[in-house]
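A single structure is presented below for examination.
Which chain is which? They are A, B, C and D, in the order written, and residues in each are numbered from 1.
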Amino acid sequence: MKSLILQTIARLLLPLMILFSVFLMLRGHNEPGGGFIGGLVGAGAFSLYAVAFGPASARGVLRADPRTLLGLGLLVTVLSGFFAMVLGDAFLTGQWLIFHIGEADFHLGTALLFDIGVYLVVVGATLTVIFSLEEEST
Amino acid sequence: MDWLLVLPLAIPLFFGVVSILARNNLLLQRWFGVLGMVVLLVVSIAILIGVRTQGILVDQMGNWIAPFGITLVADHLTAFMVLITAIMGLAVAIYSLANIDAERESFGYYPLLHILLMGVNGVFLTGDLFNMYVWFEVMLITSFVLLALGNRKEQMDGAIKYVTINLVSSLVFLSGVGILYGMTGTLNMADMAVRLDAVDSPGLVTTASMFFLVSFGIKAAVFPLFFWLPASYHTPPVAVSAIFAALLSKVGVYALIRVFTLLFVQETGYTHQIILWVAAVTMLTGVLGAVMQTEFRKLLSFHIISQIGYMIMGLGLYSPLGIVGSVFYVIHNIIAKTNLFLVSGVANRIAGSFHLKHLGGLYRKHPFLSIMFIIPAFGLAGFPPLSGFWAKLTLTIAGLDAREYVVVGIALFVGLLTLFSMTKIFAEAFWKPLPSDRPKPAAEVEGIPGVAGIRTMMVPIVLLAVMTVVLGLGAGLFINVSLDAAEELLDRTRYINAVLGDP
Amino acid sequence: MEPLLAIMAGFLFASGLYLMLRRNYVRVVIGLILISNAANLVIFTMGRLARGNPPLVATGETMPAEGFANPLPQALILTAIVIGFGLLAFALVLAYRAYRELGTVDVDAMRVAEPPYPGEKTVSGTPDQEEA
Amino acid sequence: MGVLISLLIGCVVAFAAPLLNRAAGSRAGVILALLPLGLTAYFATFVPRIAAEGALRQSIAWVPALNVNLSFYVDGLSVLFALIISGVGFFIVLYGSGYLKGHRDLGRFYLAVTLFMVSMLGVVLADNIITLFVFWELTSFTSYLLIGFNHEQERARKAALQALLVTGTGGLALLGGLILMAFVGGSYEISELLNQGEVLREHGLYTAILILVLAGCFTKSAQFPFHFWLPAAMEAPTPVSAYLHSATMVKAGVYLMARLHPALGGTDLWILLLAGFGAATMVIGSWLALCHSDLKRILAYTTVMGLGTLTMLLGIGQTEYAVVAVAVFTLAHSLYKGALFMVAGSIDHEAGTRDVGEVGGLRKAMPITAAAALVAALSMAGIVPFFGFIAKEFVYEAALAAGSLPRLLLALAILANVAGVAAAGIVALKPFYGPVRTTPKHPHEAPIAMWAGPVVLALLGLLFGLAPGLIAAPLINPVAGAIAGAPVSVELVLWHGFTPVLGMSLMTLALGIGVFFLWNTWRESRFARGFNRAFGVAPENAYFRTIDGMLWIAHWQTRIFQSGYLRHYLTTVIGVTAFAVGFTLLSRHGLVLPGGWSAITFYEWTLAGIMAAGALVAVFARSRVTMVVAIGAVGFSVALIYLANSAPDLSITQIMVETLTVVLFALVLIHLPSLRPVESRASRLRDAAVATALGAAVTLVMLTVLTEPISPHLTEYFGAHSYVTAHGRNIVNVILVDFRALDTLGEIVVLGIAGLGVFALVKLRAKKRRDGGADV
């Protein structure tokens, strides 16, 4: 599997796909996309890298253990929910900061935090699965 | 704010996540295991107090008014179930300290235990049918992993059967949710209850109810859908068997009670009569399965099935006393059955086997353990004045009152067979002298905490035995409270008004 | 197209269930995938369909266009797909692990947790050979 | 409250007994005996009060929702039994301390026997039927522990189980009967039900109630054909046999029948059942006694006879003679039988055997025991001036006065008593007189703890015989009145003069002595053996066959249902689902199909066709690659359906997941074998039928639901609030992260756990542990 072409492509694609996945996640509140889809794309980037260079190098690039990402994602999601409770609202009530920049309104809210959590969990869980299965094969 | 209702979900999730992140620190995981359960217990007590003092508690997630967001609801039944879940969680967490090997711990035993409870509590608390599906899945996937954790041969075999059948059940559930949504355009159960009454053809609602009868019936392990349970419950470590026995099938029973008192009451002469007869056959077939078993935990597993029959018998009777009987039976059974599983673990630790023919001599050498077995075992068989007697008595009175003589007859007869099989364990494992040709005791096998662990394992056993006795002697109080639960369940308007706001 | 989808959902159900009744556990997992899709189609159809009007609020508007597609089933299915994927991944790897431990993917030969009754005839044959 | 407190004290003492035994050693027995002694004194104080004021009632609520009260009803009947229970209990505790001296389980004996005493007192004192039942079952439970006292012997374990199951079966019937009685009579308190006799007897459920209640009483009181458990229960240590299986527990059934006589008694059915079964039990028991040479078995069978007599008397309980006979016979029997059992135990204890054929001439070694045995046996044989004589006279009088078939009953009573006389002789004379025999142990007189009981009980039998007036007015008449349901006053005298009954007594005695001398011949005879087989062994065998049959059914049905094959399980589950949904739809609603078929476009038909083809290919695929490709085709056509129906998010997700699924398959399938094996044709057809049934059911339900419009209220709300309130333009995403964020939270938890699960499945290496037993 370790072909030079694949390795070159993977090295190039990795940052692009990660950027794209973050973009998908961020725009998800208004356009098709969202944390889940973004997360799958992000996981795909590392999976590709793992195919090209082996799971060990992919783990190296990822730095964190995917299970840590998974845990962090869950933590972020719960905290986004508790954010509202601190402010006296029900669990998971959206809290919003609205900026007016020129013509456009800019909404920044806990929903985004929530989606980031989803993103992290999806990346973490998918990579946990893929890495361990690939390590089993090699 | 009733943010209280979120905590039974958030606390286990929090402790679970911390345990995932701290996966290399086993000591911390162990103590967080116990600590998390204690916190959960405190919260559940607070919820019960809240329900007792303020009536049905409601919390609209994200502040979206019902039926548009997801609503968490706690009535008496929910409060009971959440409380008993926390108690079982604590009991098993303590037991796990001496029962779970370091290998399983390092592969996520404690996070799984926490999140299992999260899923279970989610099912109890949610007022939204699709959300209930999600929590069922949370519960299922954690139970899958717990069951398989360890990767031993029996576990793999059991897990294949358990996973497959339960996935079918989930998909039937999901389809049922879809169909109900297609009929009512809503997912909030209170809203749905109102709209189902307005459906022109009650027969169609009854048809939809069959999806739930089957799907929850599989989870509850009723006849003829129970196969996954005896196929798998004896394969994981005892702590896992015990928490499964405590909670999983009872979640199915809870769901049956919930939907067949809240949603599907249009044609009770059909639906509830089916439930009643399913109950009768379930208790009979389960106990017959039990009497022929020679393995401690398999015998107990078949008993779970049998007792599920009692639990839904009260639902089938669909009278206040019947529901009281069901609720009481669920609570009593969770306590007693879990305890018996825990005792089986101690017996195995001492004698090195779960097979009755290899066990023996426990009565002579461990009289205290014997008492701790007798209490839940005879409680389960419905011996007065232990808790099981009152549960059975309530059902008997309710059944005779409804003139369901045959079903009552079966219920009483099954009690006798239960006694028969419990005395079988007692005679074989406790009374009989220890046979000489038996495998080496587990305590001598490497990698497992030795006999020293028994003291820790006895802590939850004693706790639960005391509960069985207290629940028996103090049945008056508990039945009065259960009556409140039954009235709430039978008078749907209270639930509906609490969720949707007074009309 | 709702009636057609109702038929398709039933068809996928039937095919998936048939596969679940096969002896090879890989087929069972494939069956699960089909039924998952079928259940999603049930929800999708039950929410009623709308062509060419996705549930989006256009820029500058505060409400979606009249006759927009029902967003709730879509959200439910999204959730169900993810859950289904998680369960599938687990079931698939379970099949792998079970094969490693038990030496077979033939469910009829999986009788470790429930050993044969005395005098019962079990499935004959050797464990499957791993393909070269 | 007094009664309840006394019982509670009893409980506390019971649970303290093992500790006391450890602390006080050999004195523990004497200390513990103070409890029954105190209780005897306490209950004795009720005797004058009842005679003066009538019955007393005490009550506090226990489980009010179920009408269960801790209520106690103290009248003549209950006080007589309470006195027997606590009085005999005193001697039993003493006796046990001697009999089991130094036994390592003595503490457990004290615990169980004291707990039994409390339970038994509860039975006879309870007013509430549920409370009564609670105590009733507790006596069964303690009896189980006591019969299984020598638990390392299989016989003891089996006998314990047998007694528990037989009495337990009856107990369940009893519970049903009592509850029905409460329904009909409108109360759970016996004292109130006693006034509802007419209502009860004329109600349609009367027969059911009576049969159920009697099932409980007959099994507990060892009536034929349930009598077999009693001789088997002789596996218990002798103090237990003396106490539970002659003086007290077995009389619980008699007590309850007597107690309920005013409420349920007097009907033809009552007379038929009680007199019939009672008389049969009486005769069978008495003659079975003579078929054995084990002292305890002989006594056990004569106990069966006594219980039969009492049941028969209650059956014909419409006369004063009968009710008085019940009272007198109960007391007399408890006194002499308790004494004789203890004597038998002493013989066993001292000589090491209790087979009549192996002992003889013990009189010299054990003079006190011998004397007690003699006195008790004379009472049992019904000889003047012992209390047993009065009892027997009353039995004969009652039989003569019976409304139906008096001659038959009298004849049967005489027949039974002849054997009784012989048995008394065998038990009390054979071991002590005649030539001295060598026994396994060298016999000595039993210690005082062990002879005190027999002596006192036997002497009481003499005292009450000589001075029956002592107890007639204060005790016997209230008892008889309670059974009759109306005041009774009969003068109790030893000497009636030369009545026909006296003649019969003499005849009984003469015949009995004759049988005594012919005993060995009888026992060896083919008739006796056949008799024992038919009435002693056969019922017990029937019990074993029932158990075996039950186990056979259990095995058969479990093997069918829990076959061990996943495919059987799934077939059943799918079939049941299909049937439940399909049948309900067709039977409760019927088929209504929606329109709108013409609106389906060509593209949609094409998509459906691709999807169907993909599914079919997956079904019939022979290679794994084909199968995965086919499943991909299905997934992508589903994605296209989503896209065509305004669900872009769904479509993208489906495609992503589908891709990932293929990757997973690729990673896993390389490790797995090919798609063999293939099933038989029949099994494939069956599976196809079941699967199609459920698929069709789902389709039909969906089509039916589609005939009605869906309520749009949720959809409209989401449309209106998605941007305005929740600041999102993608409504689906807003639902996911806001409106229904809790779903998403659960969803990612599932995904996360699945990830951890896969990790554990792959990475955790199952260590080679020993086969068979599961770990930890």
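Basically, a contact is a pair of C-beta atoms (placed from the backbone, for glycine too) under 8 Å apart; a residue touches a chain by one contact, two chains touch by 3 or more.
Bear in mind that the values here come from a model prediction, so they are computed numbers and not experimental data.
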Task = Select the chain whose centre, defined as the mean of its C-alpha atoms, is least distant from the mean of all protein C-alpha atoms.
result = B
Ask   = Count the touching C-beta pairs: is A-D or A-B ahead?
value = A-D
Query = With chain centres defined as C-alpha means, what is the inter-centre distance between subunit A and subunit D in Å?
reply = 62
Task = Take the average of all CA coordinates in subunit A, do the same for subunit B, and state the distance between these two points in whole angstrom.
result = 36
Ask   = Using mean CA coordinates as chain centres, what's the subunit C-subunit D distance in Å?
value = 48
Inquiry  = I'd like the Å distance between the centres of subunit A and subunit C, where a centre is the mean of that chain's Cα atoms.
reply    = 25
Message = If a residue has to touch 2 or more other chains to count, which residues of subunit A qualify?
response = 30-32, 36, 67, 70-71, 74, 78, 81, 91-92, 94, 122, 125, 129, 133
Request  = Two or more other chains in contact with one residue: find those residues in subunit B.
outcome  = 13, 20, 61-62, 130, 134, 137, 141, 144-145, 148, 151-154, 160-161, 164, 168, 175, 179, 181-182, 187, 230-231, 234-235
Residues of subunit C touching at least two other chains = 20, 38, 42, 45-48, 54, 56-57, 72, 76, 78-79, 82-83, 86-87, 89-90, 93-95, 97, 101, 107, 110-111, 114
Inquiry  = For the complex, give me every residue of subunit A touching subunit D.
reply    = 28-37, 40-41, 43-44, 47, 66-67, 70-71, 73-74, 77-78, 81, 91-92, 94, 96, 98, 107, 109, 111, 114-115, 117-118, 121-122, 124-126, 128-130, 132-137
Remark   = Interface with subunit C, subunit B side, in the complex: residues 130, 133-134, 137, 140-141, 144-145, 148, 151-161, 163-164, 167-168, 170-171, 174-175, 177-179, 181-182, 187, 230-232, 234-235
Complex contact set, residues of subunit C against subunit A = 54, 56-57, 78, 82, 86, 89, 93
Remark   = In the complex, subunit A touches subunit C at residues 30-32, 36, 122, 125, 129, 133
Ask   = Which positions of subunit A touch subunit B when the two form their complex?
value = 67-68, 70-72, 74-75, 78, 81-82, 84-85, 88-94
